[in-house]
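Right, I'll just put the structure down here and ask away after.
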Amino acid sequence: MGGGDHAETGAEDTWTVAGRTFRSRLIIGTGKYKDYATNARALEASGAEIVTVAVRRVNLSDPSQPMLADFIDPKKVTYLPNTAGCFTGEDAVRTLRLAREAGGWNLVKLEVLSDPKHLYPDMEETLRAAKLLLKEGFEVMVYCSDDPVYAKKLEDAGCCAIMPLGAPIGSGLGIQNKVNIRLIIEQAQVPVLVDAGVGTASDAAVAMELGCDAVLMNTAIAEAKDPIRMARAMKHAVIAGREAYLAGRMPKKRYADPSSPLAGLI
Amino acid sequence: MGGGDHAETGAEDTWTVAGRTFRSRLIIGTGKYKDYATNARALEASGAEIVTVAVRRVNLSDPSQPMLADFIDPKKVTYLPNTAGCFTGEDAVRTLRLAREAGGWNLVKLEVLSDPKHLYPDMEETLRAAKLLLKEGFEVMVYCSDDPVYAKKLEDAGCCAIMPLGAPIGSGLGIQNKVNIRLIIEQAQVPVLVDAGVGTASDAAVAMELGCDAVLMNTAIAEAKDPIRMARAMKHAVIAGREAYLAGRMPKKRYADPSSPLAGLI
Amino acid sequence: MGGGDHAETGAEDTWTVAGRTFRSRLIIGTGKYKDYATNARALEASGAEIVTVAVRRVNLSDPSQPMLADFIDPKKVTYLPNTAGCFTGEDAVRTLRLAREAGGWNLVKLEVLSDPKHLYPDMEETLRAAKLLLKEGFEVMVYCSDDPVYAKKLEDAGCCAIMPLGAPIGSGLGIQNKVNIRLIIEQAQVPVLVDAGVGTASDAAVAMELGCDAVLMNTAIAEAKDPIRMARAMKHAVIAGREAYLAGRMPKKRYADPSSPLAGLI
Amino acid sequence: MGGGDHAETGAEDTWTVAGRTFRSRLIIGTGKYKDYATNARALEASGAEIVTVAVRRVNLSDPSQPMLADFIDPKKVTYLPNTAGCFTGEDAVRTLRLAREAGGWNLVKLEVLSDPKHLYPDMEETLRAAKLLLKEGFEVMVYCSDDPVYAKKLEDAGCCAIMPLGAPIGSGLGIQNKVNIRLIIEQAQVPVLVDAGVGTASDAAVAMELGCDAVLMNTAIAEAKDPIRMARAMKHAVIAGREAYLAGRMPKKRYADPSSPLAGLI
């Protein structure tokens, strides 16, 4: 892998959010892993340059316990603090202020969830929270439903990336509504990332083939039987889907079309 | 990529057909490309170690015309002669005998097609042809329908690889019947390869996630807008699907499951 | 059809919205038909007891032009005025006030659309409009996205039926996100109707099998080659899906299970 | 239902196999029911005019035990004897000869199954058996794989109906390969029936929308929680799918298309 691979078609394929440029289009989580060491090894296998961190859950400050930063170096990997566990805009603001003070993190992922049954975002409160955070000077990547109307409102409010769900968090069901993801991508001027719902490698490839800029996942890697191997699978899946998107797939046909033209042979 | 990648989980992941061992699980075709040079570049980008060659169509012997072997070196890449354009067992035997004389090729791909509308194999004639070829000492990889009963007959007859179609040749529709592919894989003692039907990267990943040993494709690469880039996409897709299969995917769930356990937080 | 059919399993299968009880679980539209006469014939073939009427478009008051009421008798068929063409809550209130004055219609369908590309509802404005209408004493059936969080908000606000879209209006793509429709049904205490997206009979059956109380459609009938025949197809599809839901389908199995147990025979 | 329903569009919609004409497009089985009485009630609810009977299993001759004919009158309902439990052509011929002697049944359903894991037909033996039966003067409706090539061979051999499987018998998975069913229908001059794989009402509707002449099912009804109600669901599903097929569905669109044209309103 690596840069050489892209040399063939010229410029390297990167994406940029809030002025930061990344080569990897995979973002992974830091929940559900057996331990931080496994998390760190999965990160390495995945090639991801960003990890999301639930600042209300992950140990960022208690030196008597294992600390994430001892395993995943925040100087080398971009920490993307998220608001898991926050159910109001005020909660989210308070949590991310702490994160900013602690680590200087200004680029954040907002998620304001609702019912534990589906863990879908509460879009009304999410939009309100996004506005609060933007006013405080945060760069807000926002977890949202796959509703193109709300995706537009979030972008218009100033969010720097739109992160629609593919399926319920932790369900592994794959992207349920490709029509909506496509509509969101078509209208967006900022990066669009599928966040939640990926279960296996082909799901990630599908997300990228739809034209997403990147994919975020946690459970699909953390709860695979072999998380390290699945992390590597996802690295390739995201590249595969991205390259296929850029390559421009063949049209689908209702009937066969011979690989070996038979004219003159029979 | 390469061996180092697999070092983490120990032995390198390879597959073996008729006593030959390969690292790449992607086989590409030599039809429909603009020219042999493009074909050769796609091959390189794909990482494939085997190409299929329609011996009745590809120029293997006329030195006044461009010859495939000048672009793709048969000493470095395994040529897999196929019987495209043959509609009877006798035709197939005759064609592959010529190939064996010309290039010493003993490992062959049998395909006995029927109606041009769908180009599905005629399974009755395919089985008969396979027996003829096996009697002549060929190692027969066989293109077949996704019928598990016939797949078993072909294996019992001595074929060294079973190659069920995913969808009509050149249709790009993706794998239509995952149930059948799975059933064929579960029963087979020889390698199973999906051959025909792949349209984009995620289709190839799906094939590998089902447990196929490899994937063969032609049109998906040759007729992509950028065949070289799609070849690279497919390289990654096949690795992604294979690694995901080996990793063991998370179970699908009907409801959400939080990445960041919220207990004690709320 | 009719009551006799249900006599076998006892009580007739009906559904109730805002205190009104219906036997048919199909609601059809009054747009896109060639003329009111065709619309009326489709209605009869469909067995529907409710029609939606875009009060800003359908001629309800100009006696010099053909009038819908001359073809579909509002004394026999429930008119459900809708707010097509309204883009704010105030617009919707104004429009439905006129409808109430004109026809005494209190049971209404609220739709506040957004971008013409997808015609998805603007959920923020929809919720605001619903509250305005409820305050004015309307019984509000509400067209909405398939977001379970907003569906709950609408129900909590007092809407008497939740009408999530299956796919974009007029697209005929069928239900895109069965997971969401199921989640909405599981949580709802009021009727849930799939509204928009049905393209053919099986789509309507799927909606009912998920547990919807009814289905609303317009284009699938109006733009079929033979609208009358498609109306009849939809009548049966809705019954089929409903009965299958009530009957409780067989479990899906990964392998075969013989219809004719073979024990003792072979 | 009944004839009146079709009067609207003129001639009644019927189908004909081996010179016999039927109005119902649903054929049901006689296996897996709790008892013959339930089977008979399901038959009545389904509206089916044909039942398949495994002559090696169903009691057609022992008067000391309950007999199928006491519950389902062979004078009113067409018995279609099948060869369940036969694994060779000779077996099938022997079994159906007995059936012909016992009940005069000349119209038969041939099924020659293979591995109990999937119960797929052995197509090689099925074709051989079909030829044997045709030589003996039977009218042969034939259970087969969804391979269009073999479907054509069976038709060319003289079979009077082609009955491809939708999914493994008793699996309830629904039609796996719509491409193949469509290809079989497009090429056939005799009736095509999906046989096996239907799990719920929408599956049956899909089969009919593809253009099948009829659908055969057993487990979907017999193993529903309420078989009688499911039988009724299937009656409607088959009519719905058939009528939708005849009506000609609307085209699918990638974007929305307003039901209520908004021109001049805004």
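For reference, chains read A, B, C and D in written order, and residue numbers begin at 1 within each chain.
Note that in this section a residue touches a chain if its C-beta (ideal position, glycine included) is under 8 Å from a C-beta of that chain, and two chains touch if they have at least 3 such contacts.
Just so we're clear, the structure is a prediction, and the values are computed from it rather than from any experiment.
Listed here as common contacts of chain B and chain C: A, D.
Superposing the C-alpha atoms of chain A onto those of chain D requires a rotation of 180 degrees, given to the nearest 5. In whole angstrom, the spacing between the mean C-alpha positions of chain A and chain D is 47.
Separating the CA-averaged centres of chain B and chain D is a span of 36 Å. Centre-to-centre separation between chain A and chain B, using Cα means, comes to 32 Å. Touching two or more other chains at once are residues 117-118, 120, 168, 171, 173, 179, 254 of chain D. Only residues 1, 5, 8-9, 29, 31-32, 45, 54, 56-57, 82, 84-85, 87, 116-120, 168-173, 199-202, 204-206, 209, 218-220, 222-230, 232-237, 239-244, 246-262, 265-266 of chain B touch chain A when the two sit together in their complex. Taken together, the chain A residues at the contact with chain C in this complex read 114-115, 117-118, 120-124, 127, 145-150, 152-153, 167-168, 171, 173, 176-180, 183, 187.
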